[in-house]
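In order of appearance the chains are A, B, C and D, and numbering begins at 1 in each one.
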Amino acid sequence: MNAPHVGSSVRRNEDERLLTGQALFVDDVHLDGMLHVAFLRSDYAHARIKSIDLSTARSRDDVIGVYAARDLGDYWRPGPLLVPPPPIERLEFHQATQVPLAKDKVRHVGEPIAMVVARSRYEAEDALALIQVDMEPLDAVVDLEAALSEESPRLHEQLESNLAAHVIQEKGDYSAVVDKAARVIKRRFHFDRGASAPMENRGVVADWNAKSGELTVWDTTQAPIPIRNGLARLLDLPEAQVRVIAPFIGGGFGPKIMMFYPEEVLIPWLAMKHGRPMKWIEDRQESFFATTQERGQIHDAEIALTEGGIILGVRDVFWHDTGAYDPYGLTVPINSQCTLLGPYQVPNYYSEFRVVFTSKPIVTPVRGAGRQHGVFVMERLLDIAARELDIDRVEIRRRNLLAPDDFPHDHEIIYQDSAPLVYDSGNYEAALDKAVEKMEYKKFLEEEQGRLRAEGRHVGIGIVSYIEGTGIGPYEGARVTVEPSGTVCVATGVGTQGQGHFTSFAQIVADQLGVTPDRVHVVTGDTSKFNWGTGTFASRGTVVAGSACHEAAVAVRAKVIAHAAKALRADPGDIELVDGWVRVRTRPESCISLGDLAVRANPLRGAVTPGTEPGLEATAYFGPERGTTASGVHAMLVEVDPDTAMLKILRFLVVHDCGKVINPMIVDGQIVGGVAHGIGNSFYEQLHFDKAGQLLNASFMDYLLPTATDVPTVEVDHVETPSPHNPLGTKGVGEAGAIPVGALFAQAIEDALGEGAPEILEMPLSPNRLFELLSEAGYYNSPSQQE
Amino acid sequence: MKPAPFAYHRPGTVEEALQLLADHAGEAKPLAGGQSLIPTMNFRLSQPKVLIDLGKLDDLRGIEAGRSGLHIGAMTTHTDVEKSPVVADLAPLLAETMPFIAHSQIRNRGTIGGSLAHADPAAELPAVMLVLRAQFGLLSNRGHRRVAATDFYTGLFTTALEPHELLATIEIPRPQKRTGYAFAEIARRHGDYALVGVAGAVTLDRKGRCDAVRLALLSVGDGPVTAAGASRLMAGKEPTEGLIREAAEVVATRDIDPPSDIHASVAYRRQLARVLVARVIGQAVRRAGGGAA
Amino acid sequence: MQMSSEFVFAGSREKVWEMLHDPAILAKALPGTKRLEMVGEDDYAGEMQVSVGPVTAASFAVTVKLTNKVPPESFTMVVDGRGNAGYTAGEAHVKLTEQGPEATLMEYSADLDIGGRVAAVGQRLIDSVGKSLAKQGLESINRELTGPVAGQAGGRAGSGLAAFRGKTAITVVGVIIILAALFFFL
Amino acid sequence: MLLSDFLRHELDLTGTHVGCEHGVCGACTVLLDGEAVRSCLMFAVQADAAEVTTVEGLSSKSEALAASNGDADGGPRLHVLQEAFREKHGLQCGFCTPGFLMTLIPFLRDNPSPSETEIREAVSGNLCRCTGYQNIVRAVQLAAERMGSEPGPLS
């Protein structure tokens, strides 16, 4: 038997195409006669559309078509509610989903108003300038709390207020324990917006073949099958006549999910209307308005503890900014609500949130999807509690961690997947111990920090814990086929955006069929190759689709053994699959290649035995009972230069538990990439909106993605507690790196500044903001600054 | 993000370029390296009717050491300036500053003349030219003239250049004796526009006192900003740590009137100026051979 | 964008009030106005074509209403300018105080929303632009006031459009010049 | 027309990617007469008479110089740098990768044994959202090491 490929750092199958410029991305699709589309977008955050004059633009020779909402006829309708709210008692939810083109009103800057079809993108953009839109500006809705006041302008006239949802979840009775607490700590926390900012912007190409009645759409989506199904419904076509292809995608990070973005719905419509291939590629400036964003929340939180630092309960009331529409339901705030509990024993919990419509771009999950906020609030409360109770930061965490025998652990509230929040497995203290030891936490605090301070250097250490619900249902499927060449083909319905699915799925299948992963050809994201599935989100690709691949491969393996036993006249129990050969264990010279066996399994004469299927092929579906609970600890050493308010990260460590690791190289890559995103969200990236709802930094010049000189080398280590919920024992990892970084920055910076440091209750920070906090804390008035 | 249509000319000689510029005065933009102009055009915030590409004007490219100092053609790329041993020898401050300008891919296309004529208040080179007391050679189809860097910058993105004129050469006098130079800036990320930057030169007399202190800052005003108050304060005095701190305070509180934006408030810019000016003067004094600082 | 400043004119308050209401003078001081018409009492509409630095051919439709007029002391302008590169909208308050027979203090404060592409990519320079142009505009007016043209200042009765135009020009030009300033180096 | 659009849509050399069109992300980096430039900040006409090298030209052009890792089944041989990216997992979604490669080719030519700091500064004008950069740095280190023991690439 070959050494298993699962668990080893197999080089990626997809890399060669990507490295040589041969991988197909959506903007690489060129079709004969293709036309190009550009969108006219609102400059105003909130305004009534009084009139739209398309005549000048239409009169240009190089313009093929110009459309506003009224030209769409019946096709104009609000988008679907993508994720209905979970069944939580007393839940209040008001649906308002985005429309293809604004008709009467615009509700955020960048909302599309009209579109131009031309022979080139250049000409289409020329014509945009000729469209006259008469708008009556309305006051913008920006501040979350003010948005819910009586006086606030209303975004959606059909609703009574800007309230999109109101949810309360409770466990135990917080109000009963708060009086008994030795210490209650209350703070207000702010988290502001960031962009997902994949390097590839969105794009859609659509091709309508009137003769065959087939529509083909290339789309930068994380979820091609739901898009196919939705487009078929919208365009009144059989699902079988619509093919959606998500080819190579240049990063997703959440917003490329099945959004039914206006452009996603309109480009296929235009292709059918004009009978010509149509292309729209989002440019970077558009992406800052037209692609969904995340992270605006305000929390009023409190924690009740004993003198010994044991958590009695937590109360959190928060506001969540959903932007102008709420197509993604409550996923993000429920993630915040559920993730706040972290790896801790929290016997009493009161959590209430309000989701608020604002005149800003739409909010849907972005890498972490609300979990950041929960972790930030809980970890900050524990840091403050540690300080006030004079308990070491690590120690207060240790005293509250769930123990390895506490699993499954039921938190008695409902998670985003509508299932109860039950942790499946974990070993939190082991991860914390590992981080403490590797960072030499005690030695740093007792020896190093003082010595550095004496040299005038402000260096601090941070160490935080988190959990992450991953790998949720409902299901994914996969089909595994052995071809006559011996190549194994795997098809699944998920899309892939750089997570290495071409390789990790290949490893899973290779181990079952006794081939090397490079002999396994994986196809993802093409609805003509696999018909069922949901998509890549919530750190679920490898967990759910990977498990489906595993199940299908197991079924094919059984077929291989059955056929081989017959062909080789051996006992099925003696058959082994090695190096692409199927042979009898006791007499290896008696063998047949996998490819030849595939030929035999598909006979051209004779008869296939009734009750069996031709070929070495199987399809399997996997639907986990509930999600898996990944967890981890992040630690860092940071140096602060208070004179300039600039930071330097000296060391960064992640100890992570994603259960069974399929490919360590890929898993570590996911974690490190997530950390970089988290560093961005903590100190570089912030979407600044003014009171009129204008985004003030809609370019890569002012929206600062961290570069190679900003992200340190990240050390990664693992704790492995396999999940009982899937055959591979794996848990998701795509978002983990990004989640606790804000909390880590806050703690480490405070530690670096030492006595008199400002309390950091907000993310993201920046040098400018840190300077303000230091100024407010009186740092620049202190004698040490005056000398 | 595609540029609007424009007419394009690529003259083969300087004379041709000047004639085109005169013919299209007001509606033509000279295209040097294009690393500021083209992104502006891609955003359609700039829509010149005519572009005059200076890319083939080899006469405007090159670095020469003359008797009076360094001559640099306006179309010389940042990379060529950065890598030039002659520049390192005759204008160490310029050589030291070059790596701070954006990134290598930009420096490979961007030109020294383009940057100086663009007059962005966050650009490093105008401030450096003030400290180096550079002279700019301007050409038009009516003749040529020389303008001192100090007279060249007249306001926000505004220079002494007339619409029909081209910046052709930059002349930098040879370094003075007992003079030390230094440059420092703080940017959000490597290669970004600086939040504040400082270029400085300190000339000491034989007794180690300040003969002349020249400081110019970027990103704190409409263009490069000269710190005259600090220079006056230090003139004739021994550059002690205390005096340097005092000079930095004068710059931060009196010599500059910085703007605020989403990356840095007025107060933060003053603080950065305070820190950087002290660092730059200190280093310049050390390089000039001074001991005290 | 919030702007506030003060400026001392070399002239009496009445004369400054007249100046600020004289379109002929202000047009000279603030180029770029292609058209400006009175469409009602204290209500104006027009078009500006501005070309500043590397920014060329930005065209804006502008309207302004004058309110709260207390001659020769104060007035408010409600400004709305729209073009392909963005918009500006908001209010500006102007107050004149006598400081001597030939010295008038003008205090102004403006609270203007700037939207569209200019707001999205021009933040780095908006503050500088506001400061720089307000100063330039007011200095031009002052030059007119102290120069030979000042004597001819007739001033149409009730016309506040010049003042508005000055103001708007300051604002709109400000908005536009930032376009000049996109990043990097030529 | 921008050089990036000309390469991609007129010549169908779609390996050069477009990420921001304002000169920040570096995805569109190509070699112009051997030096790295942003193809979104140039008009195609400006490249008249110049030599432009895109990522498509990397593996074939340097075939003779590539490390001995060509696939047995005759697949394209990768440039040493490309192979190092693959071995060190220096790419995830791969969208930014051509820009990194084209930035690094002249960098390694001029700096055959760079320090980690030099490598990080060299690619600081290229954005990557997936990798956190550290495997890119490791790939460059590996490539530099291998190239040191072989004739230089694309020199």
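Convention: a contact is a pair of C-beta atoms (placed from the backbone, for glycine too) under 8 Å apart; a residue touches a chain by one contact, two chains touch by 3 or more.
The model shown is predicted, which means the values in this text are computed figures rather than measured ones.
Using the mean of the Cα atoms as each chain's centre, the chain most removed from subunit D is C.
When the C-beta contacts at A-B and at A-C are tallied, the pair with the greater total is A-B. Subunit A and subunit B have Cα centroids lying 44 Å from one another.
Chain centres here are Cα means. That of subunit C falls 50 Å from that of subunit D.
Chain centres here are Cα means. That of subunit A falls 48 Å from that of subunit C.
Annotation: 31 Å between the Cα-based centres of subunit B and subunit C.
In subunit B, the residues that touch at least two other chains are 1-3, 34-35, 39, 43-44, 102, 106, 189-191, 193, 262-263. In subunit D, the residues that touch at least two other chains are 21-24, 121, 124-125. Along subunit A, residues 122, 129, 283-285, 688, 696-697, 699, 701-702, 707, 709 each make contact with two or more other chains.
Of all the residues in subunit D, the ones that touch subunit B in their complex are 2, 5, 21-23, 26, 29, 32, 35-38, 40-43, 45-46, 103, 107, 121-122, 124-125. Contacts from subunit C toward subunit B in the complex involve residues 51-58, 84-85, 117-118, 121-129, 131-133, 136, 177, 179-186. Looking at the complex, you find that subunit B touches subunit C at residues 26-27, 29, 32-37, 39-40, 43-49, 78, 101-102, 106, 110-111, 113-115, 117-123, 125, 155-158, 193, 221-222, 257, 259-263. Residues of subunit A touching subunit D in their complex: 9, 11-12, 14-16, 18-25, 27-28, 30, 122, 197-201, 248-251, 253, 283-284, 497-500, 665-666, 669-670, 672-677, 699-701, 705, 707-709, 711, 713-714, 737. Taken in their complex, subunit B has these residues touching subunit A: 1-5, 43-44, 186, 188-193, 195, 262-265, 267-268, 271-272, 275.
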